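Labels A, B, C and D are assigned to the chains in the order they are written; within every chain, residues are numbered from 1.
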Amino acid sequence: MSDPFVIVGQFIKELLIGLGLEAALTAVLLRIVGAAVLGGLVGAAAILTIWAERKLLARIQDRIGPNRVGPYGLLQSFADVLKLITKEFLIPRGADRYVFIMAPLVVVAGVIGMWAVMPLAPGLVGTEINVGVLYVIAIGAIGTLGIMMAGLSSNNKYALLGAFRTVAQMLSYTVPMLLTLLIPVMLAGSMGMLTIVEAQSSAWFILLAPLAAIIFFISSLAELGRTPFDLQEAESEIVAGFHIEYSGMGFGMFMMAEFVHAFTISALFSVIFLGGWQGPGVEAFPLLGLFYFILKTALIYFVVIWLRGTFPRLRIDQMNAFNWKFITPLALVVFMVTAILDKLAVQADFNRTAVHLGSNAIIVLGTLFILRAHAASQRRRKEVADRPQIQHSEAAGD
Amino acid sequence: MVPLSWYLILAAALFAVGIFGVLARRNAIAILMGIELMLNAVNLNLLAFWRYLWSDNLTGVVFVIMVLAVAAAEVAVGLALIISIYRRRSTVVAEEIDLLKW
Amino acid sequence: MTLAQLIFLAAAAVTLVAAIMVVTAPRLIHAGLWLILSLAGIAVLFILLDNGFLAVVQVAIYIDAIAILIIIAVMLTRAVMSDADRQINRMGLAAAFASLILLAGLLAMVLQVPAASPAPLVEAEVNLDALGRALVDVDGFILPFEVASVLLVAALVGAILVAMAPARGD
Amino acid sequence: MAALPIALNVIIGPRKPNKTKSETYECGIETVGEAWVQLKGQYYIFALIFLIFDIEAVFMFPWAVAYDRLQFYMVLEGVLFILILAGGLVYAWRKGALEWV
């Protein structure tokens, strides 16, 4: 009785075997059905998250947001999808036709594929492979490829520039992401997503590795191309970015991929650092695990939207400098310190959590100190450079 | 189960295609792509042998990882050279890069 | 014909056709995209060989990194060689001949391999734990492991040095 | 067999939207002429550094999986690996390869 998902799976399996199919074929069919159901659910979730995002953003900006279609405008996104379906799918002259059509599919495939290893509740996971984390990174980066294909095939210089900006940004921020993902893998002793969640039954990894969690969150924001890293769609510079030439569902697919990606990254964060479906009473009722998982994901997603409503956009050179000169070195330091200290803590029988929290706090203090010194030296240099021009405006300084 | 010889035949064919690319393409980047195909054929062979004959031993897997690392290093430096030559001499055609001939 | 064999044949066909397109495609960008498809086919074959780890690694390194690097390089250098230009050099026929001879030789050798050794699979998936330990064990692959990192840094430094030089020098 | 659904999922995922947009298409209304602008060499450098760190991840992830059963000197070897790569990053920084000009 404890696991409704297994029961449903068993039911379908027996039904199919009852129809006279072989067991092996049934297993494959079940996988396909499962994948289709999962993909469909993710798509439906995306439509809902679009509504939630628009509504929340509107509230943050003191507007009302969609409120015409359905109760509270809930059906607005469905109406948008319907509209996009009835729009024409244009292919610009001189475009590379097949690549142009393939690009949105590749992007969506990359995002949906990430859900295959996402543990939703105890025992409910698309497939548990022992390389889950690496798989998520690898499949997630396929989206990069799709964006590049879109830019190359559109025969439009804004699309090309936008695509390469996006690609450079995504590639860059994958580096700190990989480095910080090493830490939970190290703590859990496995790359399987299910094992990682189970390893957090006593303490969530955000307690053991708070800095890694923050770095992961920032770099996944950049990976998403969300504010403050939404340079790929800087209207004033490159019009709409890589999907400028797409219309109808081609454009719709890119939009959907973006929202599903945001939701997926939130889910990934909650799985890896917030314990996924872990919570009180999960052992008794597995469905509660699904609830916890969705709750945590929604919380992270809310933070993402909140940031979008709050922050201005970075400049491209700031974006790059922030990654290579701040996030990546910090991730390297955090990784090395955690690796050494965790081993020492286990050997010396110290409290693991205390050691990690302490070391993270020291790293934060050290980082702040270095940043302050750097800022001070910059200010001094700037003062020296500025002195000849403005000698009389001391009061207006800073 | 797939017979071992199928993998070997596929790897041999892939290697031959790669060799053709290396010998026949004019563009230096296309030649690098041919080399990538050849390296992949080798990896396929290594892994097939590992799976069928030595799957209790990790040497095959480590070998494949090392080939990957070397391939990546080779591509990185090779493409950098091509970009550099393109900047200095405005060509990417392998037969025109002949400064060391004389 | 089992399911595994069907998957093998499909993946092998995709890999080979894509590989042939890589070496014959007139547009270099297309050659790069075909290369990605071919590498993806290889990744599927790695899954068939019960090595999910290397399949994911294949996607992560080849498709995500190397292929994108190649496409960026194509975009950086495409100004000089238009796609209408001849792509195959004078030796095209000779090269085809040579590779056919090579293929014949390889096949002659491959077909002598004792047929279909049954596969005693020790574990369902490659044991990452053992792999991780073997990589840093003194009795294992510690030397290749550290040398790989030196190699990567050498490649990084060399590539940056070569690719950056004209921007400073001129 | 366990990895098969991944491939299936990747293939199946995008196909559903494809059906919904099966409609006629025609050549575009406005195109922007010659569009292949020259890109900055900087993109190559970033992709290059990403490639190097990607491979580092391939080496380090098995190491991280085995972490609990490693001896202290083995952990130090992993850290040394990262340290060497960090040296490469510092070189790129010093060389000015990380500047966006």
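In this text, a residue touches a chain if its C-beta (ideal position, glycine included) is under 8 Å from a C-beta of that chain, and two chains touch if they have at least 3 such contacts.
Quick caveat, the model's predicted, so the values are computed rather than measured.
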item: More contacts between chains, A-C or B-C; value: B-C
item: Separation of mean Cα positions, subunit C and subunit B [Å, integer]; value: 6
item: Between subunit A and subunit B, centroid-to-centroid distance (C-alpha), Å; value: 33
item: Euclidean distance of C-alpha centroids - subunit A vs subunit C, Å; value: 28
item: Rounded Å distance between subunit A and subunit D, as computed from the means of their C-alpha atoms; value: 14
item: Multi-partner residues of subunit B (each touching 2 or more other chains); value: 65, 68-69, 72, 75-76, 79-80, 83
item: Multi-partner residues of subunit A (each touching 2 or more other chains); value: 28, 129, 131, 134-135, 137, 139, 164, 167, 171, 189-191
item: Sites on subunit C at which at least two other chains make contact; value: 52-53, 57, 60-61, 64-66, 68-69, 72-73, 75-76, 125, 128-131, 135, 148, 152, 155-156, 159-160, 163
item: All pairs of touching chains, each written as two labels joined by a dash; value: A-C, A-D, B-C, B-D, C-D
item: In the complex with subunit C, residue positions of subunit B that touch it; value: 1-10, 12-21, 23-27, 29-30, 32-34, 36-37, 40, 43-44, 47-48, 50-53, 55-56, 58, 61-62, 64-66, 68-77, 79-84, 86-88, 90-95
item: Touching residues (chain side subunit C, partner subunit A) in the complex; value: 3, 29-30, 33, 36, 52-53, 56-57, 59-60, 63-65, 67-68, 71-72, 75, 125, 128-129
item: Residues of subunit C touching subunit B in the complex; value: 2, 4-5, 8, 12, 15-16, 19-20, 22-23, 28, 31-32, 35, 38-39, 42, 45-46, 48-51, 53-54, 57-58, 61-62, 65-66, 69-70, 73-74, 76-77, 80-81, 85-89, 91-92, 94-96, 98-100, 102-103, 106-107, 110-111, 113, 115-122, 126-127, 130-131, 134-135, 140-141, 144, 148, 151-152, 154-156, 158-160, 162-163, 165-166
item: Subunit D residues within the subunit B interface of the complex; value: 41, 44, 48, 51-52, 54-55, 58-59
item: Subunit A - residues contacting subunit C, complex; value: 24, 28, 96, 99, 129-131, 134-135, 137-139, 141-142, 144-145, 148-149, 152, 164, 167, 171, 189-191
